[in-house]
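Below you'll find a set of structures to go through.
Here chain A shows up in two complexes: once beside chain B, once beside chain C.
This part shows the complex of A and B:
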């Protein structure tokens, strides 16, 4: 009996990601959610601009690429044109939280029935490690060699906290992909985000804290540790909004 | 009996599975270099493997398959 193998919906292509990059884990979690829910025949993915721009190579699904940051707008069109399809976007922080902030916020405000997987690694990965809107105060990047100075560059954007204030979204959660335990929690959240769309509940966004060993200048193991020690204290994990939850927990 | 296997060509030698393994029975195989130039992870003692799946959960490249 097979206990663990690659999801059916993923292709046999080897990923182009750096060793230890948790993009691969998050791809797999999306694949597992689609497998579990049996929606591979009607799922449509929208890839962003960023490291995950080649995501269409890794999924046996209808995939498209949006212009930088415009994935939620493209997903809105796909979903409205074909309401039976299950539309998800897979975006990084440079894509969603910077150039694509308007599209993401307005898709959330409209309560579009789409699923967004938001990968936050606190840096611009593909372009070589520049400071992102989500870089932590004091974080050393290519464009902040002495650490991000909040007096000069302002403060990081907390996407989940911000979007949870809107009336549109149905489900907003932040998870991390840095330990087996957190990966299992991330799997549940991503599956929930897809299930919400199937049930017509509305806009669902899952932010996944991810590592970037290459641009953080760390070993893969240390990078996972840095998520625990630096990122999670600034970006607390949890469910920020869930309209289907009843009562007070 | 756990059947643990790795597709060595997919492995990038990041070592996350080695740190995740509670039994500490995985290691980087220094004698093998795959086409990408990485030394892949290797199971050293499958008889102690409990099949918990932590290695596969944390593997970014879906290289590990576990069966029983």
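This part shows the complex of A and C:
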């Protein structure tokens, strides 16, 4: 019988996340991966600016907070200065796909041997629900009150599809945290992204589609449903790049 | 290495960084500091270090932030427009109490300005250069030799006070070639128990952050940081006094302006004018007390700088406006000549007579 336990690496702290937000699940998956791989003592995390800015409260790990969007650059410095450490960033969509696009793309292009957990909930959460680089066409947000108008402000950024075009990354995958099946797939992908770093394979990024009931104006249940009905059709799940599979298929 | 070597100021700085134990350099190309990157691209691999050309000035300073988090001596270098981009990083480094060495080989501004030498980033450097209350230790080399020695000192001071040391050079000092004696450095070995090296299961986790959501806690952080700054002001203020024993007119100048002023003071002395110079070696902390003492003796000050009176303000503050302070300057990349400065001395003497 498997006992349901808090991952060793996580603190016994209540999170500050809103009810129904899937950040908690994603934190847990990161914690489980670190536990499974036995890298607690070597791991160093970089929290972003955004809802998960306080992530360092929830992990028993050495951690820092990067300026908005700069986590991949900070992680690069940490990893280059101490190659034995396992360095990961945990970033939201505004952080990674808007203000920190350059840092994310270039860390990927360099094949920087780090792990990025990219949480895409299609909205700026902490500041109260503004349009994100990943907000869907027609999506109502505080700064797109009539729905995102693609003629006015362009189209969402598909991070996995874009980064998969680069030669640098080792592993690019998109998963979702909205159902048991999807969470199990997410767990595997996140573990893989950490394992790749241990094995020196290079840049690994897992995009996790996540819910924001508060800023989407939905119940937690409806928010999970919206990931299925609206987000996944625009952001298909799957492995977009995996260099270790090259030549096998 | 034995004996002096003919080097560019930028190269002297780069080699000194290696001698000081810096093994991590992150930078983005910009004139007139390109020799620093070019030198370290070759040199770092020889010593097992990392040279990484970043995608931007912004990324470079945040890579430095990461390497400093790991407890290592690290640096970035740039010139004026690039340093503006680094201002975010300077603020985060300060807010997180991380040691760092940041180099600004100044060129003329504002905007894209020009690529010729300037000293017009004085305010930006000495006031912190980013949002929030903070300071950097600002060192002002006036020769290729000092590009080396002040860089070594900068790394030590950064570690000692857990703050950014900035080398505020200018295009002339960076580009000119002079003999440089690279004395073997003996870097301060300061423990960094706060570093993010992984807990190894042997200690509590370390958190490096500038985020404090409690106003009282954040105020406390600021106050303790400024208490550290006060120690730096007390212990690290440095300047050179030249012909000041009986001076009646005091030039204040740093960097290349100090080299020009030195010639002008010597020429004035030959004419029987009792001129002297105070050359700040640290611009922050500024040699306030030395100037205050000088004000008891001299009749007036000349602020000789390649900017529109940015340092002049600090001189006036130091002497509490007890003596007149006159600006002698060129900007835009034009460099003062000794003759121009001598003329300014002559004029000042005439006016006061």
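General remarks:
We adopt the following convention: the second predicted complex is superposed on the first by the 243 of 249 C-alpha atoms of A that agree within 3 Å, B and C clash if a C-alpha of one lies under 4 Å from a C-alpha of the other, contacts with A are read in each partner's own complex, and residues count from 1 in each chain.
Here is the rule we use: a residue touches a chain if its C-beta (ideal position, glycine included) is under 8 Å from a C-beta of that chain, and two chains touch if they have at least 3 such contacts.
On a predicted model such as this, the values are computed, not experimentally measured, just so you know.
In the superposed model, A:201 lies in contact with neither chain B nor chain C.
Of the two partner chains placed by superposition, only chain B is touched by A:4; chain C is not. Applying the stated contact rule after C-alpha superposition, one finds that A:21 touches chain B and leaves chain C untouched. By the touch criterion stated above, A:42 is placed in contact with chain C alone, chain B being left untouched.
Of the two partner chains placed by the overlay, only chain C lies in contact with A:74; chain B stays clear of it. In the superposition on chain A, contact is made by A:53 with chain C only, not with chain B.
In the overlay built on the shared chain, the residue A:82 is in contact with chain C alone; chain B does not reach it.
Note for the complex: chain A touches chain B at residues 1-7, 10, 14-15, 17-25, 28, 179-180, 183-184, 213, 219-221, 224. The touching residues of chain B, when paired with chain A in their complex, are 9-10, 12-16, 19-20, 36, 38, 51, 53-54, 56-62, 64-68. If you check the complex, the residues on chain A that touch chain C are 40-44, 46, 53-54, 56, 59-67, 70, 73-82, 84-86, 102-103, 105-106. Taken together, the chain C residues at the contact with chain A in this complex read 24, 26, 50, 52, 54-56, 58-60, 62-72, 74, 88-89, 92, 96, 196-202, 205-211.
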